[in-house]
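Common to both upcoming complexes is chain A, partnered first by chain B, then by chain C.
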Partner chain A sequence: MSNAKQTIQRIGWPRLIIALFFILLIVVSPFMGLKLSDVFSDVLRRWSMFGILILAMVPGVQSGIGLNFGVSLGIVAGLIGSTTAIELSFQHGSPRPWTDLGFALLIAIPIAALLGLVYGMLLNRVKGSEMTVSTYVGFSVIALSNIVWLLLPYKSGVLIWPIAGEGMRNTINLEESFGGLLSNPAVVEKMPTALRWLAFEVGGVVVPFGMILFFLFMCLAVWLFLRSKKGIAMSAAGENELFTRSNAIDVNQMRILGTVLSTVLGAIGIIMYAQVFGFLQLYNAPLMMGFQCVAAVLIGGATTRRASVTNVIVGALLFQGILTTSLPVIKRLMPSGSTLSEVVRIIISNGIILYALSKTKGGNQIEK
Partner chain B sequence: MKNNNDMNQSVVSQPDVIVMQPETPMQKTLSWIFENKVMLMFVALCVGAVAVSGNTVGFVLGNVLVRFGRNGFTVLSLLIPVLAGMGLNFSIVIGAIAAQTGLFFAVDWGLTGMTGMLVAFLITTPLTMLFGFGVGRLFNKMKGAEMIAGLILGFFADGLYQLFFLYILGGLLPVRTNNLIIPGGIGIKNTIDLTGNMKYALDLVKLVDLLLVLVALLAVIAVIQTVVRLKNKQSLPLKTLILLVLVALVYGLTFVPGLSDYFRTDRLPLVNAIEMGMAMAIVYALWKIIANRVNPDKRFKLGRYLIIVAVAVGLFALTYVPFFYDVIKSSSIAVLPFALIAGLCVFNQVFLSTRLGQNMRTVGQSQVIANASGIHVDRVRVIAMIMSTVLAGWGQLIYLQNLGTFATYGAHLQVGQFAIAALLVGGASVQKATNKQAITGIILFHTLFIVAPEAGAKLFNNAMIGEYFRVFVSYGVIALSLAMHAWQRKKKPELELPK
Partner chain C sequence: MDGPPILSMKGISKEYFGNRVLKDVDLVVGPGEIHALVGENGAGKSTLMNILFGMPVIHTTGGFEGEVEIAGQAVKIMNPHEAMDHGIGMVHQEFMLIPDFTIAENIKVGREIGTPTVFSKILGPSMDILDREAMSRDAKKALSRIGMNIEDYVKVAGLPIGYKQFVEIAREIDKTGIKLLVFDEPTAVLAESEAERLLEIMKLIADQGIAIIFITHRLDEVMAIADSLTILRDGELVERSSTRDMTVVEIAAKMIGRKVERLVDLGDTCRVCDQENVALELNNFSVDMPGEQVKGMNASVYKGEIFGFGGLAGQGKIGIINGIMGLFPAEGDALVFGEKLRLERLGDALKHDVAFVSEDRRGVGLLLNESIERNIVFSAMQVHNQFLRRIGPMKMINRKKAKKHAIDMIKLLDIRCTGPQQKTGSLSGGNQQKVCLARALTLNPKILVVAEPTRGIDIGAKKLVLEHLVKMNVDEGMTIVIISSELVELRSICDRIAIVSEGKVEEILPPDASDAAFGLAMSGMSLAGVEGEVKDE
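Take a look at the complex of A and B:
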């Protein structure tokens, strides 16, 4: 009995409920007339799509800056990288999917690192209220990027509004560019045979194998980094500032490192997200994305002070899984309830963040 | 501010304890500029934007006044949590949600005008109290993280609100008025038109009626006070009685034929409002001077009240200058909302000197000290949240009746965002916010809101840039202010390594 209790304690009630709900949804869906293969395809797709964005939370939490609501910075960097890469291809004259993807990453990562550096320096000055500050920094950056999207002097017809001739579109179609390179069987089919393994179908289930591989590779990289000397120092900085300082580790530097890594992962994350999704979403679309990532990693078992790669993998699966499976089920149950899934997302993601805050902040965070 | 003055004076009166260097006027000005840098920056931004946009000052002024009456109450509802040390209350969204629920039912039951508003008010008040209580209890579990918790709580509440309005109303809970429901589905429509039922329900209240209510209210207070004082064998409540007589006299004026039109209006022209305000300021100053003659006080500064009188007369004279008259002639203010805002300002000020207000301030300064001096910290914090949520709910009612259309799923989303940004623009911080800052902030923030799109259009040939710029400003000012607050707090000595 106590054993079962301990297990529940370790998994945590909210996670248990959500996991059970997820399983219930999967079990129910065949009876609702949905094909299981479709359900699994969707879950796999969304899991790999959001994975890296959620992974971006880990360095932040580990280095002590808390849940990085300001991952929008990385997202904006990623979007700048992608749009610039598409514009470069346009000036070159022909669509170059792989070059686009490479350039997008190549341009986005330095920008993200630079933004992360400045952002980390800011966060070092506001210790104790990182989360409030980072939320609003995230919002401001998205608002500022809105102006940037209007002003960037890009010419590609894919990017800009056709009639006005200036200002970028709300959603940019990546069909001509790097959309689906690692995840869409229809796109992969046109590639040389050596690359056919990137995405395939098994028994009706679409496996975005390239994307999953890339996601797991990034997970592995973060996992290895956290076990390296630098990574351990960074985790220590997040865990116990005093202890870390007494070991001659520069806590502030470690926090900056965590922030930079988090921002860079955010940039890679949004590029990969767009790659699977097939569209770039500009303007206010990424405004609340940070909240989704935070919620997912919390569902995976992270707290505001500790997060691991396992939390990311589990959290991405549970959170995205519930969202993808609940939508069609709800549609069958209630034909007019098309937005219910969105409402459920809002309630679950914010509910879990509130729960995590109430668990970890319980009165121990009074000003020094 | 008041507290500061008192402290300075007590220091001055005991010069042997602390020797304070008297500040030179130069230093005073500099420190004032430094303290108000955010506000001054916005003044410059607003002046620039108005100039670029090409709007006339009169047009901007008229619009600012409309928005002031619309949003002022909500912004002022933020002050009490700041006093209690709970920071900027992002969860006023919940108050707005409660108000929208109340208003919805009033519309659904087919009520109109003042009756509808009263019913909405009666539903909103207990609901906001309940929510405020819950929020307060929750915040007590997350001390130090109230702001982020409030923000997330607002989003969470929005989710529940959507669930309620989209799926429960019209689905599980039947709705009386069929045309409020999404055609061919369940749930409530995106926008509810308030024209013809609740639009301007409060704005249309006439000045006479307001005065009558004031007389009645004061009479009741006076009677109660007199009875209580007589019972305790104390002197009569002279102040209240004099005030009652004064207000009654003003009410009597409304029956004077020439003046009755002046009072029988719901939109007070700004010119008249200035006249009235100036008259009140002069009466107030005279009252203070007479009170000092009767009951002399050493700290009384005659000069201050003389200046008030002089400024009042000067402003009154200005309305006769053609240029200023042109600016203000077409503007008017809605009587009741402005009266309510003024009332809330007075309440905030008076509240500071009550016992609960003092307790709140103590809790805000240090929970440890408050606890040691026997204040029930958690209880005070819950009360602060209840008050703020209730006020925010009322504020949302004022907002919606003025706006006239009720965006079911959008009206509450930006409430906390804009109210907080406005407060911060006025120079308030996470730790300190005053009526004055709130009022300055609303005026500046909304000036920018009105002219930004046109200024953007003129400067960049693109109205959207102005639009996005004002959104950026509202987020940016909050980010900046939160960062500066945390930064300053960190400057205090922090944990040092034991050597």
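Take a look at the complex of A and C:
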């Protein structure tokens, strides 16, 4: 009895309820006329696609800046990297998907690191209200990026509005570039046999194997980092500032490190997201993305003060899983559900954030 | 004294969770009497006052035994508001004033004088318009009663500290029917001239027939103005006497007087410490730590000795080590084995092999959400790069080594836990302290500084922790500095004890010095100075 109780406590009621709901949705979906293989394909796809963005929450939380609502900063860096890579290929003359992906990452990461550095310095000045500030940083940077998208002097026809001849499009198709490289069987099919494992179908279920592998690799990297000397120091800074200072560790530096890592992961995350999705979405599209990441990691069991890689993997699966399975099911149940999907997503993600913030105010679950 | 005493508390006993903090204590104060209440930290002064004021902390922990009479009538005070109704007021050590209000507003706050308006007739008297003139009149009257000449419309925010205190007193005086005023360490935050003035004001108030309870550790002030005094020690009444009948030396001795059991049995051979070899030297050392200011301290700790810093809370002994470790801004010189520490550089002391066990175990000493193992190896890993192994460019934690070391430490210090993976937040206080100690010892320091080593831990663990400190000292020649509010503890293991008062070392005493010497040093006086004799070495 007490054993079962302990297990439940360890998993946590919210996770248990959401997991049960998730399973229920999967069970009922065939009766709603959905193919199970499609449901699983969608869950796998969205899980791996969002994973790294959600992973970006971990260094932030561990270093003590809280949930990084300002991950949009990294997202913007990622988008700048991607668009620049496409433009470079355009000037080169022929499509080169792998190079695009490489350049996108190469350009995005330093930009993200630089932005993260400045952002981290800002967050050090507003200790105690990081999450409020980061929310507004997230919003502001999206507004600022809107100007950037209009002003960047890119010429590629894929990027800019065809009629105006300047200013970038809302949605940029990645078909000619790195879209689906690690996740789409149709794209992978055209590659040499040695690379065919990157994406395949098993019993009707599409497995974005390359993407999953990359996501898990990033998870491993973060996991390892958290076990390194620097990572342990950073986690200590987030947990107990005085303790960390008394061990001669500069807390502010550790917070900046966490912010930089979070922003860089955000940049990598959005590039991978776009890669799976097949499109880059500019302007206001990433506005609420930070909220989704926050909600997902919280579902996974993180608090505003502690987050682990496991929280990310579980949270991504539950959060994205619920969204992908619930929407078609609800659509069948309700008439004219075209905008309902968005409504449900907003209710779930904001509801979860609200729940988690009310639970972990002041942090630290063990100490009451 | 004529008529019944204003306050008479008889046979007061109080227990907190099975721990007796007051045993059959009496406190009697007559009208116009200035009565001093003295005792060490933890003697029971605050608990007694909490009972008098009916603080919730008393009633939620099972109430108390004994009788309280005010002006000859038995009363049951259940909350501070009732205490106010009975004419008892308190002047706090930290001022309870609203900075953005004027003096008059602060004096009348909660007891404003209002003029009814149409709205207040409907919505109740809380909607009255303030009668500022009447309030100002009252404020002026209260201020003049304590001989203060200051405009009542000035905001409190910019006032000097002394004046703030006077405003607080004026507020208490203004309460109608005030019979008894409690001053809790009122001179602690004041400059000397302000303190003198305060004492004058207290006399002025007493002359108006108001009884005063004066809580202080400054025995010279007690001698200067108190008519009578009550000495508490370990929750027991030691003495109630008229001040005239006692000397300051007697008071000091009665405050401390306790049996001291040496934990270190040194036999007949007195430990001779190498006076040439100074392990830690402080020259004109100041630390800006709120509540524990160190002001130009000088002290030397010899290599291989157990040195104690004692004194009352808030006098600065805790600030010393926090300054040395760079946790609070410090000035002046701190030398470790002759090398000057760069105080502005975080962790320079750590690099000089000074390890520190904080007095604030849960706040500074531990990562409560991390395992015992992680806590124990943390400092050594970060400072000395131990328990790490290189994998490519990364320095990863060596779990195997860390675990082995943690298990060794758990055995060595007898940490009661389910294993090295248990989170420190779920350990008892004594075991948490042992984890802190284990972390410091893992650094393999030359000087180990332990602040409040036995605060909040049970007797068994207490003895073990102290014995282990002695063992480290004897076996490994580690220089140990103990900072503690518990004099008994210091006297049981230290070779020399520095009593800190007002941010300076008042006196360095051997552990077998007289109770009076310790008691006087704690209140900022020396036995030699009082008796006019040369202290024998």
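Note that the second predicted complex is superposed on the first by the 360 of 368 C-alpha atoms of A that agree within 3 Å, B and C clash if a C-alpha of one lies under 4 Å from a C-alpha of the other, contacts with A are read in each partner's own complex, and residues count from 1 in each chain.
As a convention for this text, a contact is a pair of C-beta atoms (placed from the backbone, for glycine too) under 8 Å apart; a residue touches a chain by one contact, two chains touch by 3 or more.
No experiment lies behind these values; they were computed from the predicted model shown.
K.L.:
Check whether A:137 is in contact with chain B, with chain C, with both or with neither, and answer first, second, both or neither.
P.N.:
After superposing on A, A:137 lies in contact with chain B but is clear of chain C.
K.L.:
In the superposed arrangement, does A:11 touch chain B (first), chain C (second), both or neither?
P.N.:
neither
K.L.:
Looking only at chain A, is it chain B or chain C that touches more of its residues?
P.N.:
B
K.L.:
Pick one for A:224: touches chain B only (first), chain C only (second), both, or neither.
P.N.:
In the superposed model, A:224 contacts chain C only, not chain B.
K.L.:
Just chain B (first), just chain C (second), both, or neither: which does A:333 touch?
P.N.:
Neither partner.
K.L.:
If you stack the two complexes on chain A, which partner ends up touching A:23: first (chain B), second (chain C), both, or neither?
P.N.:
A:23 contacts neither chain B nor chain C.
K.L.:
Have a look at where A:246 lands relative to chain B and chain C in the superposition and call it first, second, both or neither.
P.N.:
In the superposed model, A:246 contacts both chain B and chain C.
K.L.:
In the superposed arrangement, does A:167 touch chain B (first), chain C (second), both or neither?
P.N.:
A:167 contacts chain B only, not chain C.
K.L.:
Should A:114 be classified as contacting the first partner (chain B), the second (chain C), both, or neither?
P.N.:
Touch partners of A:114: none, neither chain B nor chain C.
K.L.:
Taking the contacts chain A makes with chain B in one complex and with chain C in the other, which residues are shared?
P.N.:
242, 245-246, 365-367
K.L.:
Going by the contact rule at the top, pick out the chain A residues touching chain C in the complex.
P.N.:
224-225, 227-230, 232-233, 236, 239-240, 242-243, 245-250, 305-306, 364-367
K.L.:
Which of the residues in chain A end up touching chain B in this complex?
P.N.:
122, 125-129, 131-133, 135-137, 139-140, 142-144, 146-147, 150-151, 166-167, 241-242, 245-246, 291, 334, 336-337, 339-340, 343-344, 346-347, 350-351, 353-354, 357-358, 361-363, 365-368
K.L.:
What part of chain C is in contact with chain A in the complex they form?
P.N.:
Residues of chain C touching chain A: 325-327, 346-348, 350-351, 356, 358, 360, 362-370, 374, 378-379, 381-383, 385, 388, 391, 394-397, 423, 425-426.
K.L.:
Quick check on the complex: what are the chain B residues that touch chain A?
P.N.:
138, 141-145, 147-149, 151-153, 155-156, 158-160, 162-163, 166-167, 182, 184-187, 367-368, 460, 462, 464-465, 468-469, 471-472, 474-476, 478-479, 482-483, 485-487, 489-490, 492, 494-495, 497
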